[in-house]
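Once you've had a glance at the structure underneath, I'll fire off some questions.
Labels run A, B, C, D and E following the written order; every chain starts at residue 1.
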Amino acid sequence: MIHYNPKDWFTFIFHIHKGDTFRKLWPLMISISIFSAFVAFLELNVFKLSKSDYVSNIGMMHSLLGFVISMLLVFRTNTSYDRWWEGRRLLGALTNVSRNFAMKIKALNLPDEEIRFFEYGIPKYAFALKEHLREKKYFGKNSFLIEVEESKHIPNQIASSMISRLYELTRKGYISQEQLIVLTNDVNQFTDICGGCERIKNTPIPFSYSVFIKKFIFIYVLTIPIGWVFSLGYYLVLIVPFILYVLASLELIAEEIEDPFGYDPNDLPVDQISNNIEKHIEEILN
Amino acid sequence: MIHYNPKDWFTFIFHIHKGDTFRKLWPLMISISIFSAFVAFLELNVFKLSKSDYVSNIGMMHSLLGFVISMLLVFRTNTSYDRWWEGRRLLGALTNVSRNFAMKIKALNLPDEEIRFFEYGIPKYAFALKEHLREKKYFGKNSFLIEVEESKHIPNQIASSMISRLYELTRKGYISQEQLIVLTNDVNQFTDICGGCERIKNTPIPFSYSVFIKKFIFIYVLTIPIGWVFSLGYYLVLIVPFILYVLASLELIAEEIEDPFGYDPNDLPVDQISNNIEKHIEEILN
Amino acid sequence: MIHYNPKDWFTFIFHIHKGDTFRKLWPLMISISIFSAFVAFLELNVFKLSKSDYVSNIGMMHSLLGFVISMLLVFRTNTSYDRWWEGRRLLGALTNVSRNFAMKIKALNLPDEEIRFFEYGIPKYAFALKEHLREKKYFGKNSFLIEVEESKHIPNQIASSMISRLYELTRKGYISQEQLIVLTNDVNQFTDICGGCERIKNTPIPFSYSVFIKKFIFIYVLTIPIGWVFSLGYYLVLIVPFILYVLASLELIAEEIEDPFGYDPNDLPVDQISNNIEKHIEEILN
Amino acid sequence: MIHYNPKDWFTFIFHIHKGDTFRKLWPLMISISIFSAFVAFLELNVFKLSKSDYVSNIGMMHSLLGFVISMLLVFRTNTSYDRWWEGRRLLGALTNVSRNFAMKIKALNLPDEEIRFFEYGIPKYAFALKEHLREKKYFGKNSFLIEVEESKHIPNQIASSMISRLYELTRKGYISQEQLIVLTNDVNQFTDICGGCERIKNTPIPFSYSVFIKKFIFIYVLTIPIGWVFSLGYYLVLIVPFILYVLASLELIAEEIEDPFGYDPNDLPVDQISNNIEKHIEEILN
Amino acid sequence: MIHYNPKDWFTFIFHIHKGDTFRKLWPLMISISIFSAFVAFLELNVFKLSKSDYVSNIGMMHSLLGFVISMLLVFRTNTSYDRWWEGRRLLGALTNVSRNFAMKIKALNLPDEEIRFFEYGIPKYAFALKEHLREKKYFGKNSFLIEVEESKHIPNQIASSMISRLYELTRKGYISQEQLIVLTNDVNQFTDICGGCERIKNTPIPFSYSVFIKKFIFIYVLTIPIGWVFSLGYYLVLIVPFILYVLASLELIAEEIEDPFGYDPNDLPVDQISNNIEKHIEEILN
């Protein structure tokens, strides 16, 4: 994630930042610009069509469908943003649960070795989840405390060994039955958060919408020059790329933030959140 | 569900995929194209109406109602997507609850035969629910562990036998009263998820909306050529089908994802989710 | 509720079903058609106004307010649909809670007579709620098990006698304190669901919106012919009723589904849900 | 709150009800009508500007900003309605919690005097909350049972004395530890509901939006006559007030329902809800 | 936060308040006004372009993209408002939890010194959170009761010492195991609220949207004069700044309320809420 000051308009407008869709779109914008020039040349200079020709009214279609395309893009923007924000919410919940769980572990007056176990296990879950969502394997430092098998679901193994430890401590009398309910519930929340993140990661918006929006933008923008050439002449080479920039940017940003756990500039600060969890757990349990 | 890379624009635009609404709509698009040609022929060549005729202004109605139709389609899109996403959420919750339940069963140090019972029962619930939502009956492999009657609600029977087993284990002293609360709550969540899926499956959007949107699109598109013929001439045979494609696609995709548990290309990956549950439960309990 | 196949476009478009707003609107549509003809006659034949007259530009107002009216109708549609869907959600929750409660009752190994009590009481609550929402009194078959007074809130009496029975069974030692919490919570959910349904039923959208939308549609549609007559002539007699049909249908459907517990064709399948609860409870407890 | 039949269109359209925004807006509508006449007189008769003058195109700005103003009003409408509905939800929750709490109190077989205490205390909370939200003090009938100090937060005092009573009854052995958790949780919900209502009451939408929307509507409507006079002449004196009526009504209704606990005609039926709670609690505990 | 009477239209419209975006935008508005005059001078007086020139139709682009820009601004407005309202909700929850926790502490009949500890600790949490969200350190009055280290997360330390105290009191026999669950849960909610506020504070909307909206508004407004000059002449110097005012205000207000815990005029009344918590806790525990 890029940290920025949202009130600094000047650099926003004149710089082209890392996350700027302009970087990705300029080849397409130049192509569409050349295409527009070509259409204008054909219609105005080769076929010498005039404003009275039927072709000049094709823009009526673009006006009529202008509502539909903008509403569709807003639908796309809303759903992607909701996923991104839900992802952020889940990572925030991970922070909260980790802290709450650690505070209770601390208050329980467990033997030191047990506290070390959880001081190690809680941030390990966060790191393992992070790598799991990026399709990597995480084993963690001094992994002898919780051993995980590479071929199995790693966050599940960590959660499962924490739960087993809690039950064991209950049998040994360190934790009451009532405490066990509360502590198990916390670990279950780890798994719920993991499931929520997996759901966001594995389920992009339905395939048909993805295809339909792209097809629609493509045909829409490509047919604009045909009708508008009679009103705008060669100015099309500037105007059509700008329209493309606006419409395609919305789709591009939506694609990027839809899976918010990766390395894209707009993705969530997953690394920073994991590091914070590690730092806070250490603060609480030491 | 189709797995795809949402960033691959090229194949999206030029291929016609399995889930593409174009496949379903092309016969209708050709019909409307012929109809448009016929209207154009009638008005331009037979009746020889001119642009000064009142008929040429019928497009005013289409502009005015253009807002309404696009907002209605966005309403339709939003509600269908919400159901689809709620369905995904419920299946994700099924995964989470299954894992959490299994982790607790593991930590309880039950006799091996009891662990086998739940190792069998938990994924069985997922498979039974899947088939139940597709209106099939599921009995599962080595069904002697949990016997179900075909005439009764199958997921309910599985949940009920898990709950009864938990109470029995409590009476035998393997599970404390406090544990029982937590474990029963997990099985209750299975039933809640089942009820949520049944609700989505059995309740499409109100009949009146469904009728109204279809009637509205149909009349709207069919009357476009009448007024636009004076501005667009025979280009109508390309433009009107494209407008139909845009409007009807939104309704078609909405219809498809509204009941997300079937076999449609955009439906949820129900099979994969059930298999994952089976795999994870085995990983945890073995 | 009407059960239908949402993919069957053909019959949707050409049949006029029971829930179709066209049935209710046709008298109004004919009136507005005659009114439009009258306006056209006055302006074109009596006063012989021409397109250069100021009156012909009144349509500017309709374009400007076109956004507002369509957004308002979408607001109306969204809020009504949300209530309808929340109603469905509450009834779904009733099914879930009934099943979960019954499964736990079964697992408790209570004396047979106690099981009969709940087998009778749970579906009775569903039926009583249904009738309560339709402003009828329900006493149920063999009502001697739970006696209710007609003058008091019937679902409350049933819930209250179930709760009292649970406490009694706890005092007799059949149910542990921990179980009691869980079971009481289930019965409390019955009351929450009842309260939620009562809230939807008793609180239509604020009076001012209801008045304002109706007034707005009425004035909007009635003034359309005044300005459009110069562009559309006597075609108004077809076009204005269609615009009315579109705008008023949205308001009409919204009104119908706003209180979803009645007998309207779009209302929720309350009877079927109650019957299902009875069937499933019997399956579980027998 | 006004009780009404949402299907009775006729009286809605022709009567001017108590909650009708027309009542509040007519002086403003007449002023704007006179202003429009004055602008028309100046431009048409004094300066004798013609349609070819630049001034006549100022309407382009109104078209462009027409989207923005209508979307802004819908944003305003949505947020106000959400607050109103959340308020309704909170009052509904108050009803539910009161009933559930009473049912449990009844089932506990407490000494009669204790039951009297809660029969008095539960509805008292509802009445005290109602008056608290209207910035009045409530002491209630036979207030000796729960004494409240006027200078302190009254609903808090009632809730606190109920909680203290529950703990006392636990120490006396009438209530088990498990019951206490559940009962305390119910009383905590009273406080949560109170906090939720206070939040809605004390936090109108951000000041800047409130100012911005009003300024925007005002300038927007006031500048309409300047450009439209060349198309609509003196018809402006009817059209501009109608546009004002539509735009300002939405803002006015939003203002009214934003704080839904007062005495406005669209406010929630707070009195009736409190009375219902009193009635139902009496039914349950007697 | 500014306290205001939302029904006082007059002062809203004619005063320029502290939170008014006009204060921030007037330099930009004057610049754009001069720029518009310059464009008009160039096109009308230097190049002497006429309405038949292609340049005069550039406004077509602005109409087409008018939908997109207004929907984008509404998306921006909605998401910012949601964050603001979620922030308010969290602070409201802080009030509720503080009160509920205090009521239970009171009912527990703890030794006086313990009550003093919580009477001190609960409001301290609120103040510490407030300062934490404003990136300040808070130590509080007579801080010897709960000692915090400056270098660590301060609210966490307060929560942790409250939890440890509760466990200690349980070990000493003042609090039962069941009570401990409930009380710990309350303190955990403090941490959840803190995490929620941190999430809102640290995660502005994705960088790409922020850049894109600003770039879009900037280019959109700057190109308006080029095409509109032929219709509006030098009136542009008034109209273009007004359009800028409308579009940029929405972005500016959204920026301001996005992080609602600061000192901006539209930010939440964080100080007042903390003071109220202190006052109410004192009322309850004294």
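Keep in mind that, in the parts below, contacts are C-beta pairs under 8 Å (C-beta built on N, C-alpha and C of every residue); 3 or more make two chains touch, one makes a residue touch a chain.
Owing to the predicted nature of the structure, the values given are computational and were not obtained by experimental measurement.
Considering every other chain in turn, the ones in contact with both chain B and chain E prove to be A. In whole angstrom, the spacing between the mean C-alpha positions of chain D and chain E is 23. Rounded to whole angstrom, the centroid-to-centroid distance between chain C and chain E, based on C-alpha atoms, equals 37 Å. Among the residues of chain D, those touching two or more other chains are numbered 63, 67, 71, 74, 177-178, 181. Chain contact topology: the protein chains form a single closed ring, every chain touching exactly two others. Residues of chain D that touch chain C in their complex: 1-2, 4, 6-7, 9, 12-13, 17, 19-22, 59, 62-63, 66-67, 70-71, 73-74, 77-78, 81, 84-85, 88-89, 92-93, 95-96, 99-100, 103-104, 106-109, 176-179, 181-182, 228, 231-235, 239, 242-243, 246-247, 249-250, 253, 256-257, 265-266, 268-269, 280, 283-284. Touching chain B in their complex are the following residues of chain A: 54-55, 57-58, 60-61, 63-65, 67-68, 71-72, 74-75, 79, 152-153, 156-157, 159-160, 163-164, 166-168, 171, 177-178, 180-181, 184-185, 187-188, 191-192, 194-196, 198-199, 202-212, 214-216, 218-219, 255, 258.
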